[in-house]
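What follows is chain A paired twice: with chain B in the first complex and chain C in the second.
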Partner chain A sequence: MSLCKTRLQEERKQWRKDHPFGFYAKPAKGQDGSLDLTQWTAGIPGKAGTLWSDAVYPITITFPEEYPSKPPKVKFPANFYHPNVYPSGTICLSILNEEQDWRPAITLKQIVLGIQELLDTPNPDSPAQEPAWKAFMKDKALYEKKVKEQAKRYVNAGSM
Partner chain B sequence: MARNTYLKKVLGEDRLERLANTKVIMIGAGGIGCELLKDLLLSGYGEIHIVDLDTVTLSNLNRQFLFRKKDIDKSKSLTIAKAVQSFNYFNAKLVPHHGNIMDTTQFPLSWWDQFSFIYNALDNLEARRYVNKMALFLKKPLMESGTTGFEGQIQPIYPYYSECFDCQAKVTPKTYPVCTIRSTPSLPVHCITWAKEFLFHQLFDESESDLSNSETIQNETDDAQEIENLAQEANELIELRKSIKTTDASPFIEQLVLKIFKGDIERLLLIDTLWKSRKKPTPLDWSTYKAPVTGMLSDISNQSLLINDTKVWTVLENIYVLYKSGSILQRRIKSGKESFISFDKDDEDTLNFVAAAANLRSSIFNIPIMSKFDIKQIAGNIIPAIATTNAIISGFSSLNGTRYFKYNYDQTGSVDFTPISKESSTVFISIKPNKYITAAALVSPNEKCPSSSLLSRGVFQITEEQRQTLTLGELVEKLVKKYGYEEGDLSVIVGKSRLVYDIDFDDNVEKKLSEIGGIGDGELILVQDENDRLENLELYVKVTDEEREHVLPELKLRPKKSVGDDQSVETEEESGGDVEQVDGVVNENDAIVIIDEEDDGLVELDEPALKKRRIQVQSLA
Partner chain C sequence: MPTSSHEYESGEELAPQNLILPEYVPFQKVLTRDFESVSVFQNYASKSIKELIGQISVETLKYLDYIIANPHLHVDESFFAERLEALSSLLRSEEEIKLYKSSISESKQSIKDHILRDHQLNVDTLGELQSVYLSNFADQISSEYVEYRGMFFDEDQFRRILHSNSLYSYIKKSSFVVQNPEDPIPEDEEENDEDEELNVSGGKISLKDPLSLNYFEDPVSSSKCKHTYDKDTITLHLNSGHSECPIDGCSRSLSTADLKEDKIMLLRVKVFKSREKRARKENETTERIS
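The block that comes next holds the complex of A and B.
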């Protein structure tokens, strides 16, 4: 649908004009040399002063044909350690859920900021994976250790 | 008395003369098409082209009255053109085309240009959207029509003067969450979907069912116990499938029944969280049914049950039908003639199996049981088609269409549709008392519509040789020069969503147009002003043999309206305003207007998301 493509180019333009510091987001380059506006990669920096700081966490964003009526699907790498991330990497966040808080007016910038916020303030009421959720609830020391280990792995992850 | 005496009185001599010299096209030769072609032919059009890609099937014959049994498997368009010859009283020229209307080789833009009016008699969204776009490109009037059961509507579309097909968001088919289907059904349709898409699919069909896709499931539920349970259920079915060829019928079905209606349900009951706010299911009590089913199976007269479509089977009878159909399906696979079987509503064995399994699951979850006939409607996605609805809608379509020829648009070449769009109306019909027919005046295009607003369209004509020498960078320069974009600050998107150029992405500027997929004959290019000064531009690529310089269309791009810019989005967003309005997505209730009748037959409809519409109510005597 043409609404999908005009909106996606608009998102790209808005991102170019103004995006939060430390983040990056770009459409994937296809084999034919064009950019596929429905497939993006982006990086979410952990907030300073949190367990997640000093690292940039990569995500993929997939926009469906019905976008913006339907939300994009956003994923971390598989087995990403966070209470609200499924083993597949899919992020459980209400603004990304069509049946919950997704609205067509939500922008790319708001999505990535929402995910950054989620990193350090997990929602214990909607667990998506067992290891991180259990540790977060019962063993904070283990949780912090695991998160910091993970942060080290993403220290040099690409930034723009 | 001449045959056109009355027609002359109704339409007037001028108009009749105009119609006789007019070429129209009817797209679709099915339920509406059969009725509509008759109407168009008897209205006196000079030349009618008919396009359809389908062939006649048996199930068409009850309502598509221009087809006969001998026509089965023949082309619909060719057959229909012949069938009407017996009453072609005004000697219209009929030109059938067997093909897909979206095929740009068979039906290039230049082909469309010959018609004065487009009548749609289509049955799917994709083709409707495509024809709508062609109508917008060529500024041709389009009559849209559609029916479901007793409801139907026509919508005249006068490009850029009235709403186009895309101005109102269409409702997409409903899908159910996997977990509702697999763990917590509450409606008959959930159980039918389970029986057809999951159980039947896993047991007999080729590839794995989507409903056992572990990723989909993980995205929907965060209950680890439920995920594990669903995986186990699916794996056990796979085991059972493996045993189809090695087990005898009776033990195979018994294992199946015990697993899906007893074991699986008992295991489901162990997950407490599922039943906190729901009624618990009751596993099948196999011990009370085993003996009676064996008894039924030994009496051949019970087979009549299988063909009794309208009877609501009891639990016992459903088990019997499951046994019968299950063992036939097993035999079909065992015989080696079929390596897998797909569900087909017209394949009785598959339908019996799905109906019985769905009903048994319903009874376990305290959901009403349905007859095979009713299940067939749902499982086969059958929308009832009613000949009378089609006939009425076709009548309105043709009648509203002839209204256009009161004006002499063809000769003047004018595309100012102001007068005609004021006189035309959208018509809805329904079975509701006093609301048989409702008519609504046409409204201006929706400002948020992606197809008819903020967009200019034109044909970009180029020879094949030029396509192979001109670079993308050169094309961008030409666009800048021709339409006045600021230096290079535009974006070019081809295909569905492939960006090939913007100010931040110049990797392709040296490439020839032919090296960039998506700039071939019949393809569309979307050009947007990154500075938001000019409206969007959509170009239709036309590759010709004409030896001349490539031509960009003569257009003056209008200034872009400030609708939907990010600021207004932000405010709507923060105030929690009506987001549907922001992006032009209209809720489904707007699609069909149902209103109360008032004394003067005029009602003001209050639509907060849209402009007010004046609705005229008439009753059919």
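The block that comes next holds the complex of A and C.
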């Protein structure tokens, strides 16, 4: 079995045994009902006491054949409102970048926790979209309003 | 020196008055070959030391296998202590033989010089030699050795030799690991290993490969950062164009040349798995009874 498959099976086993509160993550089901371990959907709960709270934000995680030497690609839905998320939904985070801080030892749990952390602490030095970044830098009131509106759309999204 | 019957007849001066052997006896040329054979003894001694060390290694591995196969048995720590002590003495002898060899080869050289220069002891040279005050070769050899040993045998250096001996450190570590497969080995004051960055999670040592997250099968460690990986997965990673340690937070570079078999990690996994298996069996038994 390939390293990618072995690792993903073990990631799944570990996630089922123990995962952080409020999160979910599961491999996609193929048309014939079998699991596709390289495609996952997951939910990131906003931290309590932040603009992002009371909602669970859906992401998709795609693992390349070279995983874990190469990082998975993680996306929010297209047009997700966050300074470090590209219009396509791709997340700009150093631990998900092979050229930057990605290391094969980083687990799924660390990834989702890292994304949760990113929600309320955007990195102003790596803008990925214009609307959220501009508002975050110049118009905090607009930014907060937009984030809260978005949170409303994802309320209960993960309670399944 | 041939002495003819003719000389005996000439009376008074026939033999020296003083027949006492001189303090200093020149080395007999005929003994040269015996002296050469000293090296045969050295080789024999070195060989038997190696054999004894091999025996210690075999015994230790056998005992460890036995403990692994019988995880419920009490581990006899004195077994390890005794092996370590014996190994330490053998290694000490090995070092001493090395010094002895160097000292002997120096003595040999000086004897060669003397043979060329000295007269052999016979009736004619007796009188002359009686007035020479030099130490004899046997004494010279032993005093040279004592001097050599004092000059070169350094206890600190021996301790370093001891701790860098792979069998010695394996026995030492295995005696702990076989009882505590998931715990970090307590720091030894004698070995102040620079920066020990171990693969610790919650105070425990991870027995799983950081790449596959499966238990180690063929663990190898980096000599640069002391992290451990499975040989197959790390090789795959390094061959895919990566040259850094796969552990997050570790910035050391890594190449296949830095990887060394990690026997202690392998022992940890074996002990751990055997204990788990036994625990499972015990659970099954209690379930069946209740």
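What we mean here is this: the second predicted complex is superposed on the first by the 158 of 160 C-alpha atoms of A that agree within 3 Å, B and C clash if a C-alpha of one lies under 4 Å from a C-alpha of the other, contacts with A are read in each partner's own complex, and residues count from 1 in each chain.
We take it that contacts are C-beta pairs under 8 Å (C-beta built on N, C-alpha and C of every residue); 3 or more make two chains touch, one makes a residue touch a chain.
None of the values given here were measured: they were computed from a predicted structure.
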Larger contact residue set on chain A - chain B or chain C: B
Touching partner for A:Glu66 - first (chain B), second (chain C), both, neither: both
A:Pro87 touches, of chain B and chain C: first, second, both or neither? first
Which superposed partner A:Gln14 touches (first chain B, second chain C, both, neither): both
Partner chain(s) touched by A:Gly49 [first = chain B, second = chain C, both, neither]: neither
Which of chain B and chain C A:Thr6 touches, first, second, both or neither: both
Chain B versus chain C as contact partner of A:Asp101, first or second or both or neither: second
Footprint overlap on chain A, comparing chain B with chain C: 3, 6-7, 10, 14, 66, 68-69, 103-107
Of chain A, residues touching chain C in the complex: 3, 6-7, 10-11, 14, 66, 68-70, 95, 101, 103-107, 110
Residues on chain B engaged by chain A in the complex (per definition of touch): 169, 172, 215, 218-219, 222, 224, 450-451, 491, 493-494, 496-500, 502, 504-505, 507-508, 511, 516-518, 526, 528, 530, 536, 538, 566, 569, 572-573, 579-580, 582-585
Residues of chain A touching chain B in the complex: 1-10, 12-14, 16, 27, 30, 32-38, 63, 65-66, 68-69, 86-88, 90, 92, 103-107, 126-128, 130
Complex contact set, residues of chain C against chain A: 210-214, 232-233, 236-237, 240, 242, 244-250
